[in-house]
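Dropping the structures in below, format is structure tokens.
In the two complexes that follow, subunit A is the common piece, with subunit B as its partner first and subunit C second.
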Partner chain A sequence: MDAPHLLTSIIHTLPGGLLVTLGISLLSAVAGFVIGLLLCWMRCSPLCAAHAIAGVCISALRGIPILVVLLLLFYLPSAAGLEMPSVLAAVLALALNTGAFQAEILRAGFASIPRGQLEAAYALGLQDLRILRRILLPQVLGLTMPQLVNELIILVKNSSLISVIAVTELLRRSEQLVAVTYRPLEVYTATAILYLAANLFIAWSGNKIHQRLIAGRAG
Partner chain B sequence: MDMPADIVIHWADFFRQHGADLALGLWTTLHICAVAVSAGILLGFMVEILSRNHILRRRILRVYIEIFRGTPLLVQLYLLYFGGPAFGLSLEADTAGTVGLALYAGAYFAEIFRAGFLSIPAGHLEAAHSLGISPLRILWRIELPQMAGLIVPPSVNQIITLMKDSAVLSIITVTEMTKQSTRIMNESFIIVEPLCLLALSYWLLSSLAGWAGRCLEIRLTRHRSLKK
Partner chain C sequence: MAPITVHTPPVLQLRDVHKHFGDVHVLKGINLEIFPSQVVCLIGPSGSGKSTLLRCINFLEEYDCGEVLIFGERIGYSTSYDGRRVPMPKEHIRVMRRDLGMVFQHFNLWPHMTAVENVSEAVRSVKKKNITEALRISRDMLAKVGLADMENRYPAQLSGGQQQRVAIARALAMEPRIMLFDEPTSSLDPELVGDVLDVMQSLAGEGMTMIVVTHEMGFAAGVADLIVFMEDGRILEQGTPDRIFHNAENRRVRAFLQSYGRREKNAGKAHTATNSHNKGVCNEPTDHHSGAAGSRGCPQKRTAHQNHQHARHAGRRYLGL
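Take a look at the complex of A and B:
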């Protein structure tokens, strides 16, 4: 295959894959945030059992490679006779993994909120959920923004692993293109450039948002 | 299958059949990680040493760091293993995996060392220079001991992350733990045992590494605490 042909087929195939990659990453990041919040809440709860369960979950999810979690989620249900859709397994594995890391990030964020604010909110008779939504989360999100953006970048990179269970994201599409063109060097270089561009963009916009948040606090 | 004795017999059977393969996988994982981590630490250290006080070198090495931190390890491995032959670099899977993991590790360790060097007050270096201490001696006796306590926790984290990332090497057919387990799954259609064992092994290994890291950290920062 000559160079112009190769370039056009790369341009036709890979950007669509990048969109799938970004979509799945974003979905997993949001699901992971909910899981992280839940784990964090359990970890901070006075209930001994909840504290212990969350501790074990966080330790396991942080200690087991994401590829192995993915294989577990994909193959174990099939061993029990259930059909696991590969996209669901992929999002679940990514979300569980990032959730455990986000839980630790959020815990540090919550710990940095002065206790007096909570006492004041209780004294004013605000409901728990309202305190979380209107008082805690806005501050915690602002404080932990850089780490959360970092998690998103790691997530985008980890999402390349879901190509193993045949989700047609960026890397899977590149593999398919290589199978047709026999040009691994060129195709995978293009793949790497796309991943790099996506991550640099996420880092850049994360910085922008963070600066705006800081400016808002100062002003 | 519900009796405890049956379960024991079942697992004993499993280990008799596949124990050797799994042990080989564990050994390969540990071996590759040890080589790649050592090479990565050395590489990261060299990158930081070379990019100090030299703007052009720093810019070039910054590109290396950004590329290897900004792309997935799997893509890097594909480029090295499948793309390598296009420019005459045909590597065995094991070698490609080790080299790929080491290059990836180097970029992260370079960042850790950079933070370490930044933490040394400039006054210490000025004082050492004015006393006529040689640069190598400054590095060995003044900079490295002071930054040790600071760089050990992130380094241990990084080593654990790399150990987990080494599972990715299975995709380019390196016969480490994950590959051996998936091979057993494909050949014998036993799914639950190898997968659960695999997850447990990684969990155990990273917990062990984390514990060892905490011990090392306490040892290296002893001088900071008040009680001896």
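Take a look at the complex of A and C:
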């Protein structure tokens, strides 16, 4: 295959895969954020059981490789006679993993907010959800944005693992392209550049959002 | 006892309230009645349980036994059919707290919100006002505490005294019927104390029921209707400022006030500075006072202010300075 032809194939194949990668990563990051909040809330709960369960979940999810969780999620339901869509298994596996890490990040964020701010909110009669949404989350997000963005970048890289269950994301498409072109060096270099570009963009926009969030407060 | 005990029911009653932190017995049977428009100053040595008492009133702190009645209704617990004490649903506590405004020693403003957002948050979400109405109420309140032109500042861009006045505005915007102040001026630089006390005094002048934990004896002597002296989890003595500051029966109360008098005398310089600052503002209404003195607030503000000057002198007289 000649060079211009190869370039055209790459341009036709890989960006679509990158979009799938980013879509799945974003979905997993948001789902992981909710899981993280939930775990964090259980972890901070005065109920011993909730605290313990959350602790075990966090340790397990951080300790088991994503690939293993992914394969389990993919094959276990079929053992029970259920069909597990590969995209769903992929999002779940990634979300559970990043959720455990996000839980720890968020916990540090919540812990750094002075208790008095909560007491003021209680004394005024604010509802718990409103306190979370208006008082806590904006501050926690501002404080932990750098770590959360870092977590998202790790997630994008980890998402290459889901190619093993035939989700046609960036790496999977690259493999398919290599199979027809026999040009692994060029194709995987292009793949690497796309991953890198995506992550640089995420880091850059994360930085912008962070600036926005903390603007004005410092005096 | 307070002058108006016979005909009006108390707005707040504490009956034999006890509180432990672990093994430490912090409140050892508190009995107290507070009547409408009364200004009660809670004084006493540090660690005597003043903050804890205040926090039991709005149930930021659970109490172990006894009862706290707000407008006759017990906060925090209800009695089940067989006479046992059961925790009150959170939602009910939230509703009861609307009658109680609280101001903290460390302001506890939300740093990611501007002054007006701090004030309007609960007006919107708890009083369910729409945003326009909430902003109008909040601006009025900020003007009332002399911060009309500061509404878009973040807490970090305000002085301690201004932050505390935002915190007062935030509590007042909820139209509470009782205000609780926990050492509102203790973390302020001396020259900023006067502004906050002015606001509190004008509030007292409007007939707000107030419970104030304070070490400002001048304010207590000049503004309070009732002084309550606490030590080691007990109320040792209560009475009019005149009685407590002149003729306290309890030896420990007298000793405490004497040590205070000495300290105030030694700090005479700071005291004069505060006073001259106030006079400056009085003669030449610039800075934050211009907001309140500009339009509606003017005559009232002046009167309150002069009262306060009077109160300060009275306070010094009480303390024999």
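We adopt the following convention: the second predicted complex is superposed on the first by the 218 of 219 C-alpha atoms of A that agree within 3 Å, B and C clash if a C-alpha of one lies under 4 Å from a C-alpha of the other, contacts with A are read in each partner's own complex, and residues count from 1 in each chain.
As a convention for this text, a contact is a pair of C-beta atoms (placed from the backbone, for glycine too) under 8 Å apart; a residue touches a chain by one contact, two chains touch by 3 or more.
These numbers come from a predicted model, not from an experiment.
Asker: In the superposed model, which partner reaches more residues of subunit A, subunit B or subunit C?
Answerer: Larger number of subunit A residues touched: B.
Asker: First (subunit B), second (subunit C), both or neither: which does A:Gln117 touch?
Answerer: second
Asker: Once the shared chain is lined up, is A:Asn199 touching subunit B (first), subunit C (second), both, or neither of them?
Answerer: After superposing on A, A:Asn199 lies in contact with subunit B but is clear of subunit C.
Asker: Tell me the contact category for A:Val178 with respect to subunit B and subunit C: first, second, both or neither.
Answerer: In the superposition, A:Val178 contacts subunit B only.
Asker: State the interface residues of subunit C toward subunit A in the complex, per the touch definition above.
Answerer: Where subunit C meets subunit A, its residues are 58, 60, 94-95, 97-98, 100-102, 104, 106, 108-112, 121-122, 125-126, 154, 156-157, 167, 170-171, 174.
Asker: Name, in rising order, each residue of subunit B that touches subunit A in their complex.
Answerer: These residues of subunit B touch subunit A: 66-67, 70-76, 78-79, 82-84, 86-87, 160, 164-168, 170-171, 178, 182, 185, 191-192, 195-196, 198-199, 202-207.
Asker: Using the touch definition up top, name the residues of subunit A that touch subunit C in the complex.
Answerer: My answer: residues 114, 116-117, 119-127, 130, 134-135, 138-139, 142, 216-219.
Asker: If you look only at subunit A, which of its residues touch subunit B in the complex?
Answerer: 59-60, 62-69, 71-72, 75-76, 78-79, 153, 157-161, 163-164, 171, 174, 178, 183-185, 188-189, 191-192, 195-196, 199-200
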